[in-house]
Each structure stands twice: as structure tokens, then as C-alpha cells.
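Two complexes, one shared chain (subunit A), two partners (subunit B, subunit C).
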Partner chain A sequence: MWFDLKARELGAIRPERISRKVASDRLHNLELSSSKDILSVHDSGINSLQVDKTEGRYLLSGASDGSVACYDTLHASTFDPTARSYQHKHVFKVDKRVRKGHKYAVSSVQWYPVDTGLFVTGSFDTHVNVWDTNNLQVELQYDMPGRVYSVSLSQIATSHLLIAVGSADSMVRLCDIATGACTHTLVGHRDAVLAVQWSVSSEWTLYTGSCDGAIRFWDIRRAGSYKVLDQDSSQMGRRPPVPKYSPESEWPVTSRTSKKLLKKAFGDKKSGMSTPPKRVHPGMASAQNYATAHNGAVKALLPTNDGHFLVSAGADSRVKLWDVESGCDTLVNYERMRLSGNRATQLGLSPDSSLLFIPTSTAIKVYNLWTGLLLKTLGGHYDDVNCCELHPYEQEMYSGSSDRKILVWSPPPPPQIDEDREEVCPVPRRLIVNFWSHMICQTKAKGASAGAGEFSARLDVDSWSDED
Partner chain B sequence: MRRKGLLAGPSYVTGFALSKFAASVIKEEKKEERKRKRHQNNEKNGDLNGTGVIEGTESCIAEKKRVIAGDGGAITDGLQEISEGNKLEIFLDVDDDPGLDASGVETEWCLPTDTLVAVRLMCEQFPKLDQSSVRPFVLRSQIYSSVSNRTTADRELEELKQQQVLRAFKLNSGKDDFAVMLTDDYLKQIECAKQWIRSKRPEEDTAVFDWFRTHVISAQTGTSIRHSQLVHLLSQAGDVKDKQISLLINSGLLVRLLADESTYWFAIPSIGSLLKSLTQGRKELTSFLSRRRYKEIIQAVLEKKRLRTSQFDMRFHIRDLLGSGHIHLVNTPVGPLIRLSND
Partner chain C sequence: MGRRQFGNGGADGGLAGGGTGGSGKVRKKNDENELGGEYDDRNRLADLVDSATNSPLLTLDDRSLAAFKALVRRSETNVHAAFELLYDKLKKNNSQVRYLSLLLMDELFTRSKLFRSLLVPVFENFLLLSVGFRSDYPLPPPEERAALLRKKAIEIVEKWNDMYGQHYKPLRLAYEYLKKTLRFEFPNARETATLAQQQRKERERRTQELLKKKFTSLKSEYPELRAEIHSTLEQINECVAILAEKKNGGDDQQEQFGFDSDEDEFEEYGARNLRSARGEVEEQETLAYETGENAALFDTLRDLYRLLTSRHLVSAQEWLSTLMRVDPEEERQARDTLLRDVIDLRNKVVKAREVCEGAGIERTEGASKSAADGDAEEIIWEEGDVLISNSAISELIEASGAAEPTEVKPVSEPTAEANTMELEKGKQAVINKADETEEDNSLKAQLLKQAPLLKWGQFLERWGSDRAIPANNRGLEFENHWGKVDYDVTIPAEKLAESSLNLRAVYYSAEKTEIPPCLAPLRNGGLCQRRDLKRCPFHGPIIPRDSTGKPLELEKPAKLPEVSKSSENTDELTSTLPSEPKHEELVQQAIANVRQKDEEFRKKVLEDKKSVRRERAKRAREHNEACLRAAAIGTTSEGLAEAFGQDVMAAESQPKKRRGGLAALLRKKPTVKDRLSRRLLSGRVRDATATQLARDEQAAYRESFPNQW
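Let's turn to the complex of A and B:
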């Protein structure tokens, strides 16, 4: 740290590099925060957490009892002198007593990306609610055919305002907040959709992951999914080789019998060998593409911050890193974890996309995203961890678990220096002395030039009395 | 990379140093060979200490590099300036010297990857099974137990699959279970299946096995194949009928998926009984460990035990569970300790 500061002073390294280095050092040293507590008001497990991206201040949490609460992560409400920690109480809480409030578990919460005036929640009572934060009422309610597992709003969209909803139904629905109606149904999955994420690089692109193990990419301006990820297609490292075989391309037919077989395979009942096979709409062709990305349900999806890669977690206890452009698996192996059960989880990714946080049973495992090496295991919860959320601007993480707690993970506090006296000084004494002597020199020089000796003398006395 | 060049004689510019280097490499190689033989002998003697992490060819390379560095005094400066990475390659790509080829020292030699070494080693240590015609195979999780970097293992495995050295097969026993078999072994299995079918069926039906071997196996390196693609590949050889494809399914070379009727998995014939003992053996071992007081046992003690429900030996299961993360190794003064992972 001091070497870097010195190098910065000399101009050897760039200013943004030092801030990046400090931030990444702090992220690597995350531990259970000793000075910050969030007092959870939920009576059951926490399913989803999100910090708003506009201010980076309000943390929204959705719980299994149907309640949603909001916490101020910046300003503490009380200070607990015995635990020496700042306690953050909830700003508001809404539950089933509110009109049209959720009856069953809230599976997913999301802030309106533009400001904190609205938030969206999806619940197992088959409803998606849009709440007004100021009067805490449900402004819009969408009815879904099954349990809602995941809702998502695009962070970068400027021309649409669509909530993508993944539910127990195999169809993904897009609900428009502007009109209050469901505008699109995306057909292609064959089982419940657990994970829905908008792309961070294109506002029209949507990624969905389903219980049948498929991950589909959709362009919402076109019919059907334009890409189905296949676990057999892979690439080494970060740059794709020339694609050899794409699963969409149909195989040319040569002999007559095989044509017959082909028809049989696709269930084509039309007779007559002379007619050329009907050209299938690309959207429909992809609907018949049953390639799987995982051997089990896809539990979570998360695009990296540059939008080039997509992290997916599956019920086969595998986490995979996909190249979005080529749709290939980059073959990074994140070692040893347990991810089981067909439940949606929420992964965390550090703001510089270097660390991946994966909730596995009662712990959160920290991996290097690009090498897959396990760096750390963060243990602290007493029950299954359901979600983790990184603060978008600071080096802090929040995790929600079935033990009804929200834990704060932060870098260790700076070492406190006790000198001969009992008082605790946050900045090293020598620095203060240096600072004051510097100031004094300056004022002295000024005073000498201006002839105001009284002021400098008083400052002198003040500073040294403070020192003693 | 070929090792021919290592044996370049004194005719080469840096000949003396090179021959010295070559001699040291060969010595290393022989040492490796001896080690492996010792390993096999150990296996025969029932002394099963093979589950530790293989030192791997990478460390082997490192050793060789050290050897190069040791000889550095004799090597010309120009060579020393070459970066570490391609140093070895340059040594290895020197032109042939026919004089030394004739001397009878091993001439053809490829530097295998860690993964390939691990697979070959485990295939050699594959337990002897009675009443089963299955050729030795390795589980993917077992590879992870002996190759330290899993990402590298995955990538090398993929490369070996592309090069047709290995084939991977999806197994029904678990969500993340894959078997890995050497392609040569798999071709022999196809031959076995063909012989078995030939006794019952006419000649023209069994031709499909040859077509399958020559056209499908070489063209498709993945674990599954779509029906249309299979038909296309088979029809390159001759007129394929539905009956012949069902013959392939009956012999166990292809498995139909319940979820998706137009896709087949490649499969190893008559592996079904082994899958049962695989899952039961896993269950038996984990329940045995969980019943112990501290959920741990010394590896040497555990390896002497026999499993009731599994045809595989203990080492096979220990490797499998180590790779899948159900158990982990802790080093103690009395040898490695196996402990059940708690998550």
C-alpha cells in the first residue's frame, strides 16, 4: 500500500490503478463485519437481496413469509456500545397485511433501475407486484400461471420497460410497466424457468435458464430464441476458435432412406418424397433444439459486468462460464461445491468481475472467476444461504439465508494504533504531526510575508497542545 | 513434441551439451518408467498407495528444465537467452540424427499431458472384474483427484477428445457423472458387441457396426448425437435401416433419452451392472465414514477394507469421492487421513 502510494507520488503508476488495487485487496479480504449489523425483520428465510444501483444505499430483501423490507446501508440507526457495532434497522417493511400484498414466499426482488421510487417483487403466490416506495402500495399486479421464481428488469434499457418473469410455467413472460399488461410470451423451454437475466450489453437480449438444463438467449425483437447453449461445445480460454459446428445447422440429406428417417425423426406426416422439406422458421428450429447446458436445473445466471461472459450455476453442482458471443463453454472448472435442489439462487460477482461468490449450503465460496480457483470460504450462517449481493460501489457483501439473518461481509477495519495513552487514534500520529508541521510552515511563510505573526503563533500553540 | 531431436549427436553445434542433456532426460524417463513399474507391482501386492496426487508431467517438465539449467554452463549463450517457455521445445525440435536412431534407444516419444498420464495410470489400475467384458474406464471425477488444477484437466480432456485419444460417456448414475475411456478400448468394445450380435443376426445387419465405427465415432467426439445426424453419418457408408439403428441400441452402444427422443447418448455396452455397484459403493463408503466418530479414517486403513456392495475396489471409490468433493484428504504424521466433507 505505502509502496504504491510512493509510486503514485513519483508518477510511476496511474491514479486509477492504485484505486483499483486497493478495491481488489479489500474485496479479497472480505470477512464477517464486526462493526455493522443489519437487523433483519423477517420471520423466515431470506430469498433475495438487492442494493439499488442508483445511490448504492438501499438494500431490498424478500423473505419466505411474503414480506419485503428495505434497509439503509449507509446510515446506521443506532450504535450498540456492548457489541461496538452500528445497527441498521429497516426503513420500511411490507407484508401480506398490505392490500394485494404477497401471501406466500417472495422469491425475487428488484429495484426499478432508474430510481428508488419503484420496486418489483415476484412471489410463489403467482403474482408479480410493482410497488410504490413512497406510499408502500401495490401499483400494478400481474397474474402468472404458476409460481414466480425470478423477475428481472434491464439495467440499461432506454426504449422499453419490461419485466422478464420466469415462473413454473415453461413460457417466459415479459410484462410492460408502461401499459400494465403482458406483452410477450417466449416459447422454447420445456420446464419451469428458474433464472432470468437481461443482458448488460444489449437492451434487447435476455438470458433464461430452466429446470430442463437449457440456457436460451432471446432477442425480444425476433421470434424464438437465437441461441441455445450446448455443454458439448467448448473453447479453451477466453477467445473463441473458429466455430466448427453449430447445433442449429441441420445436416444435409443425401440418400433417400435417410430422408425418410429424417422425416420420421421430426414427426413430419406429409407424404411424397419429391417435395423439398419445408424451411423451418429459425425461431421454431431453435425451439426443437434440445441442447442442454447443465445436466440438471439451471439455478442461477449472472452476466459479467462487461457483458462478454455469462456465469451459470446448475443443480449438477457445476458452475460454468460461457462466452456470450460464441455460446461456448470456456471450460473453467470451479472446484468442489454442493448445489442441489431445484431452487433458484443468487450469485454474486465483484464489480471488477474478478471474484465470484457462490452460496453453497451454509457457506459462501469465493472463486477467482477466470481460473476457477477457490480462494476463500465465508462461513457464518447457520442454515442454507440463498443469496448474496455485492455492493455496486463499495467493497461490501450482503448475504441472506434460511436462518432469517442478513449478514454483512466487509474488509477488516484498519488497524487501530494505541499509543502511550488510552485514546484510540484512527490515523497514525506521525502523519498528523507531519500534516500540522506542513501547515505551520505554510502559514509561517504566509505570515512572514504578510506580517501576521499572531495567527501563526496561535495555530502553533493549538497544534502542539493537541499533541500533548 | 517429439523427442527425436534430443538424441542429436555431436555433429550438432552444441552437440556435447545436448547429448549430455539428452542423457539426463533419458535417465529421468527411465526413472519415471521404473516408478510406474514399481507402482504396478505395488498394486499387485495389494499395497494401494496410488491415490495421492500424481506428480504429473508438468513437474516432470520443471525437473527437466532444471536439468537444462544445470547444464547451462556448457550450453551456448544464445540458447540460454531463449525464454523458459520455448526452451524445451527448441531442444526437442532439433533435426533427426540417423546415427543415434540405430543405437536402439527409444526414438519415438511424445510428452503426454497430466490428464493423459492420469487416465492411462488409472486404466492400468482398473479393478479386475469377473463376469464383465467392460474394458477399463475412468470416471471424470477420478481425474480431478489426481490432477491438481481442474481447469487444466478439463481443457486437456477436451483436447484429447478432439484428438480422438479419449471418449467421454455420460453415465446415468449421477447428474455429473462421466466415464472416460481410451478410444482404442472403445473400438475393441464395439468389436465385442459385433461378435455377440453376429451369432444371432444375418451378416448384412452387423455391417452397421463397422459403419458406426468408421463414420460415427470418428466424426462425433461429444457425448451425444442427434438422430438426424446419426442417420446422415451412417448413410455415408451404406443404406441404413431403422432396424440397424435399433440393433446399435440393443447392443448398448447407444442409449435413447427419455426427455428427448431425437437424441442418443453414446454408451459403453454392458456397463449397467457396474453403474449399480458404483452408486451403491459410493453410498456404502460415505455412510461408513459418517458413522465413525469424527467422520474420518486413515487412508491406509480404509484401503484394506472391502466393500460389500461394489465390484470395484476401495481405491476406485476413494478417487471418485475425492474428485467429486464428498471426501477430502488431510495430511497427518501417520499418513493421509480421509475425512468426510461437511458441506
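Let's turn to the complex of A and C:
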């Protein structure tokens, strides 16, 4: 680091490079934060977390008991001197006691992308609620035909304000906050939709992943999905030339079966069939495309920050990196991966899109996104980890688990200086050792059933008694 | 070599308990052969861990534990090695091995920082292996050890969290997870300890407060109370002094006989109290037979004594205890002076009591005397009132006349219960009575004459007693089975008065009457000895009979018309008849007669009906015969022979028909048919036969149902 600073002084390297390097170093060294605690107010497991992108300050959490809480990640409310950690208490909490509040588990939370005045929650009670942060009331409520697994708001949209909702129903619905009604119903999936993500490059593009293993790309201005990711197509090769307008080329379909169907649909003049071909709506053509991206439910989708790639996690314990443009699998192998269960999870991606955080059973695994190397396993939860969320601007990660904890993962604190150590331990060590050995002697004399003395907090030092 | 060193290590470990020298030596030795040491250490550690975890015991062997610790302490590599070995042991598929390795881990965890830093990153796995908190990773057998392992592990986790939780976040998280999410029950040793301590302190504080309050009140009240006690003491002293003077007077008389020489001793002792006590003793002996003003003096002394023992001494003791226990922060001086004073006072009181007791006044005597004083007697009198009916008392008074109090006393002396017992048991009372005086005897006899003889019951058990009785409030024989038992619970007397214990229960019992025998004459010449209430199953209703068994029919014809009246005239009848059984017999007789008459009437009616029916049948038969005869003449146009034989047949059939009637006719019919068929059984005349048969059938039909065509 000092070399880099020197080089920076000399002008050998660019200023942003050093900051990137520092940030990357910090991200690579994430560990369980010892100085920052978020005191979860939920009485059950945490299903979803999100830090607002506008300020990067408020962490929203949705839990299985139907409650939603918000934490200030910037300012601690109290300092716990015994654990020497800053404790972040919740700013607010809403649960089923609020009118129209969620009755069952909240599966997904999302801040309004423009400011923190609104947030959207989806719940297993088949409702999607739009909350007003200031008076903590439900402003809008959408009724879905089944459990809501995922809600998404486009971060870059300027011309629309649609909540994409994936639910137990096979149709993806788009709900307009402006009108308070459901505007689109996207038909194509054949099973519940667990993952819904807006593209970060195009405000009209939506990615959805379903329990039938399909990942579909939708252009919401057109009918039907325009792309179905196929796990078999991995040869990126040359990019196909941009074709002239034609109905076929407008809906590029990759699978052979659907090509045949299309052929049939549009009529094969060469074959000279007497019966007039049944004309299928061009949007519906892709509905016949049964290509799958995973051999199981698609649990999570996450586009990279530049919008060129899409990470998907499936119940077949595979995480795949897709090239958005071609719809091909990049075949990056994320090693020693284990995902299970047909439930939506939330993946984390570092702001520079270099590290992928995947919650596996009780740990979070950190991979290099591009190589698939397992860099680290972050263990600290004692139950299944459901979600992880990276702070958009700082090198910090938050993870929510079924053990009702929200853990903060941060780079290790700077090494303590000697003066501090002196302050911590003003008594000479020898004396302490003697004292403890004395205590141990006493407790031994008393017998196995020790009094309160045995349970007093101790310094984290070796405490061998002389008799050992 | 490893073996030998192991032996040394063990010996060192054993010595280590004595002092620090042993471990120092070990370290030195380790420095000497550092190169091969690590490998050997690891082997030895493995040996130690193996031997320690292979035992079936629940505790670790002290010697091997000490050796193990000493070995681990030597270097960081040893800590690493120990951690690996123990962790491997913890993975073994046996809860006992896991348990022992957990104990070893606890030993190292609380000592070595390195060990902690090694264990904490794998803490989740550690918990999985020791607590087994996830259902898909259950603890291995044996089960009871598994339970023990879990309990111990939870205990250890709590301990570690208390000790090092602030430094290791995973520890803290694990503890919170186990406690809050999985809701494991932690022993909560620290909290319970602190809680107990707090409670103790609180209790102490409260008692101290109370004591202080008492102390302040005592401080303010003390002069008064002291004066009071002093005045009592003064009075006692005066009384004793007067008695002593009197005694001296007596002594003068005795001295004339040259009897006593105690005067010198009084002078020698000089202690006034003691002297007076001695004097009192003498006094008591001499004054016991005296009456008059001496008695008054003794009475006051007795009163004073009672006051002294029941109030002053008790309060003095109480003050003493409060003063001794109270912890005065500022008023130590005041407390001390007060304490000294109270001790003084108490000693004085005790002395005075001794003096009084020396004078022969004792608590028991005082009680008996006071009982004899009169008020107690009155109470017993009242009880007597309840006991004996008013008339009895008045009689008694009349009988005994002027000697009333002396006579009553013996009655009132035994307790009320004893009295009732005597009354009930009667004979015993007589025996008791015999022991007593003449007057008493007569009185008791009179009382006994008056007393009703009652069946023993609970109401007699506590007749007239005012005592409360202990209540059996648990309803079960088992001690403490359903909870706390209060043995001192009693039912107060006034409640008892209302309750069923004081009520006399009377049960209905039928009077025994002899059932008379049937006495009907039997074939063998005897009389029926069956005893039935109303009706003998063999000889009918039981009626009065004479010695030979003949029923006594008393005025049977005369009574029959009177049956309707009998209910009205029962009184007259009973008065006229010589005895009650006779009357009953008569009534029975009358009933029997009526029944007989009814029976006869019924029979007659039946017979009439029968005869009418018979006549009707006869007429019908005659009519049938006439019809048949006519038919037979009309249909039998076949042969003359038959026509001639008709009369004979008719003459013959006459008696038959009379005998058998219609049924006989029907029975006869087939024979005719057979005869005809036999005669006409030829092919030639089949047609004719058919027509004839048809005709015959028609005839038969006519014959069989003569009155239907």
C-alpha cells in the first residue's frame, strides 16, 4: 500500500486506481465485524435485506414474521463497552399490527430507487405493499394470485415506475405505482417465479427466473419474452450480424424446436401444404420455448454492474454467469458450491463486480466472479443464511439468516497501537496471571460448583496457572 | 524414549501440584532436546489424549490432566497439536469420548489464547458436535452420555461466553442463538449466583432496617420502661424485706429453742438479694401454714413475679437481642451504653426472679393457685349447666340443700368430657361412684336415674367441650403428597358448634316383630312352620288357626256385610275384640270370604257362558246333519242299491257323525272316491269317468261346505 501511495505521489499510477485497490483489498478481507452490531428486532429469520442506493445509509430488512425494519448503518445508537462494539438499533419497525401490514413472511424488500420516502415489500400473504417511510403506513396494496417471492424496481427507469412481481403464479406482473394498478402480465413461465430483476442497462428489460428452470428476458414494450436462456448454448463465438427487420429476426429464438414451430407457424411455402398455417402471435412464439437455464428452480438473479452479465443461482447447486447480449453461458465454474431448497435467495456482488457473495447453508462463500475461485468462507451464522447485501459505497456486507441475526461483515479494524494496548492492560501481566492462578486455586478448593467468580469476564490472554 | 518421557511427564505433573519447580524443570528439559522434542511431544499428547478419553469415568484423571496441561503449555505447536487431537476426538462417534474431550477442551480454552483462537472459527462445528443443536446431526450413542454431553456443553458455552464473549463474537452469537432462537435452557450460573447474593443482601438490609427502627424506639422509650421495671424490682424487694422481717420474728421464737444459726451467714454474704432469698426460703417453709396478712403479701409477690417473668424479662431479652444485632453507624456510643444498661437490668430481673423462685413461688404453683381462686370454678359450673338438665339441677339443689358448693365440686372436678363418658357408660360410672363419698353417691345415682341412655356418637365425643380440634385439611394420608401441610390448623369451637360434629344423628331401625307361622295342617299330621308375612306359598293367606290347624272363622257371616263399614268401625272393633292379633285374623278372614264369594260368582258366570256355547254348537250340528242328509238323497241317483243302503248308511253314520262331526265326514270322503276310481279305472270309460269325477267333486264340495250353497 505504501508503494502505491509513493507511486501515486510520483504520478506513476492514477488516483482512482489506488482507491480501487484499497477498496478491493478491504473487500477481500471482509470478516465478522467486531465493532459493529446490528440489533435485529425480528422474532424470526431474515429473508431479505437492502441498503438504499441514494444515501447508502438505511438498511431495510424483511423477516419471516411479517415485520419489516430499518436500521441506520451509519450512526450507531449505543456503544457497548463490554463487547467494545457500536450497536445499531432499528430506526423503525412495521409489522402486522399496522393497518394492511403483512400477515405472513416478508419475502422481499426494496427501496424506492429515487429516495427513501417509499419502500416496497412482497410477502407470502399474497400482497405487495408500498409503504410510506415517513408515516409508516401502507400507501398501496397489490393483490397477487399467490405468494409473492420477489419484487423489483428498476434502478435506472425514468419513463416508468413499475414494480415487477414474481409470485407463485406463473405470470409475472408489473404493477404501476403511479396508477396503483397492474399494467402488464408477462406470460411465458410454467411455474412460480422466484427471481425478478430489472436490467441495469435498459429500463425496459426485465430478467425473470422461475421454478421451471427457465430464465427469460422480457422487453416490456413488446409481448412475450424475447430471450430464453438455454444451458446448452455456451458457444459465444461471433456475434450474430444485426439483421434487417423481419418477424423472425425480431424474436430471435435459439432453440431448434421453437424454430420448427416458427416454421410451422409462419407456413413453409416450399412444402406446399394445402391447409393454411395456424398463425401464432409473434410474442407467444417464445412461450413455446422450453429451454432451461438450470436443472431446477432459479433461486436468484443478479446483473453485474455494467449490465453485460447476469449471475443466476439454481437449486441444482449451480451458479452460472450468463452473457446478456448473446444469452450464452460463460461456463465459469464456481467451485464447491452447494445450494439447496426451492426458495429465493439474495446474492451479493461487490460494487466493482469482482466478488460474488453466495449464501450457502450457514456460511457465505466469496468467489471471484470471473474465475469462479473460492476466496473465502464467511461463517458466523448458526442457521441458514437467506440473503446478503453489500453496501453500495462502503466495503461492508450485511447478511440475514434464519437464526434471526443480521450480521455485519467488515474489513478488520486497523491494528491497535501499543499505547492502546497499554491502556487496555495497565496491570503488569505477571500480576494478572498471579491473580487468576489465585482465583483458580480458590475455585478448585471450593469444588466443582463454582460461585459467581468463575463467570466473571476475563482478559483475552493466556492464563496458565503455575501449577499447570 | 517417548515412553520414558511420558513417564517423566506424568511424574512432573504429579509434582506440579506441589510447587512451580516441576514445570520449570520440564521446560528446561524441553529446551535441551528441542529438535526431536516436538515430534515426541505430539506423540505423548496423542497418548495422553487417548488415555484420557478412553476412560468410562465422567471426570478426568487429575494426574494425567496435569501432565497434559504441562505438555500443552510448553509450546504453541503443542497447543495446535492438542487442538487437532481433541477436535478429532470430538468427532468420534461416541458421546463418552466427546464428553471427555470436551472437558479437556474446556481446560485448555480457559487457559490458552491460541487454543481459543483456533477453536472459535470452527465454533459452529464444535457446537454441532457437542451440543448437537441440529436435528440432522444428532449426538451419537450412548444416550445418557449424549444428554450429559449436551448439558455440559451448554454449561461450558455459557461459561465461555461469560468469560471471553466480549473478545470473540462467534461465541457471543452462538450463545445468543442457543439461548434465544433454539431456547436451550442455560444453567445461568452467574445470574443465579448474583441473584442469590442480592437476595441475601436485601434480606439483611431489611432486618437491619427493622432493627434500627426498634433501636430508635427503644432509645426513646427506654427511660420509662426502665423506671417501670425498677419500680417492680423495688416492690419485690420490699415484699421480700417485710417477709424477712416477719421471718426474723419467727426466728426469734425459734432462737429461743437455740435452733437456727443462719444469721451469721447473712452477715457474711452481705448481698441483700441473696440474703433475702435465703430468708424467703425459710419464710416459705415457716409461713406455709399461716394465713391472714401474710397471704396478701404473698399474693402481691406472686403478681409481681408474674409481671416480671411474663413481661419484663421477655422485653429485656428482646432489647438485648436487638441491640446486639443492630449495626449503628453513628450511634455506636449510644448503643454501647444502652447495651450495658440493658444487660445490667436483665441481670437484676433475673436475680429478682431467682429470689422469688427461692421464695417458693413457681409458675406452676401460681397457676394452680389462681385456678383455685374461683374464676375457673365458675366456668366449670357453666359447663355443668349445659351438661345437666335444669330439672336435674333443681332436684339436686333440693336434695343437697345447704351443702351446695361442697357437693358440686366433685362433679365439676373431672372435665366435662369425663362427665359425659361417665353418664354414657353408666355402669362404669357406678363403679366410679362407689369410690366416692356418700353424698356424692346419692347425687350421682340421682343423676344417673335422670340421664337418658343414648347410643354413642360423635356429638358425645366432644359434649360441652370448648376446645378447638385439629383439622385434617389435606384429605390424604400421604405426607406432603399434594403440597404443604399445615399441621397446626384447627377448627375453632364456635365453628364446630355449627358443624355436623355437634349434631346427633339418629338412624331409623325397624322394630323387631315376630312373624307368626303358617300353622296349616300338613299331611303327616304336623303343622306348617313356614313364616311368611302375608301368604304362605303352599297354604294360601296366613289366617289365625287353632292348635289343630283349622282356620278360626270368627263371625264370618256377620262380618261380610260389614266389610264396607269396617274402616269406620275399626276403633270399635279393636275395642270390642280381645286382642290385636285376633282382629287382624278377622280382617283377613273377611277378606278371604269376600274373595271366595267373588270366585264363586265368576265360576258361575263362566259355566253359564259355556252352556250357552254348547247349546249353540248343538243346534248348528243338527242343522248340518239335516242338510247333509238332504244332499245325500238328492245326489245319489246312481244305483238303487246305494239308494237302498242309504238308510242303513244314514243309520250307521248317525252315531259316527254325532261322535266326529264335520271332521269325520271330511275324513270319510276319500274312501268313496277311491272306491269309485278303482271301479272306473278303465280306458274305455275314461270320458264318462271324467264327467262323473267332476260331478263327484261338485258333490263333494257341496258336502264339505253344506251351508254355503
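Methods note: the second predicted complex is superposed on the first by the 374 of 468 C-alpha atoms of A that agree within 3 Å, B and C clash if a C-alpha of one lies under 4 Å from a C-alpha of the other, contacts with A are read in each partner's own complex, and residues count from 1 in each chain.
Keep in mind that, in the parts below, contacts are C-beta pairs under 8 Å (C-beta built on N, C-alpha and C of every residue); 3 or more make two chains touch, one makes a residue touch a chain.
Since the structure is predicted, the reported quantities are computational estimates derived from the model, not experimental observations.
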Partner chain in contact with A:T362 - subunit B first, subunit C second, else both or neither: both
First (subunit B), second (subunit C), both or neither touched by A:R338: first
Contacts of A:A315 with subunit B and subunit C, given as first, second, both or neither: first
Touching partner for A:N295 - first (subunit B), second (subunit C), both, neither: first
First (subunit B), second (subunit C), both or neither touched by A:K405: second
First, second, both or neither for A:S234, with subunit B first and subunit C second: first
Partner chain(s) touched by A:D52 [first = subunit B, second = subunit C, both, neither]: neither
Subunit B versus subunit C as contact partner of A:R84, first or second or both or neither: second
Subunit C-contacting residues of subunit A that also contact subunit B: 362
In the complex with subunit A, residue positions of subunit B that touch it: 144, 150-151, 153-155, 158-159, 170, 175-176, 222-224, 227-229, 231-232, 234-236, 239-242, 259-260, 262-263, 325, 341, 343
Touching residues on subunit A, where the partner in the complex is subunit B: 190, 212, 232, 234, 236-237, 250-255, 257-258, 261-262, 264-266, 288, 290, 295-296, 315-318, 331-333, 335-338, 360-363, 371-372
Contact set on subunit C toward subunit A in their complex: 16-17, 20, 23, 66, 69-70, 73, 110-114, 116, 121, 124, 127, 133, 158-159, 162-170, 172-174, 176-178, 180-181, 189-190, 193-194, 197
Partner subunit C, residues of subunit A touching it in the complex: 32-34, 82-84, 362, 379-383, 403-405, 407, 450-452, 454-458, 460-468
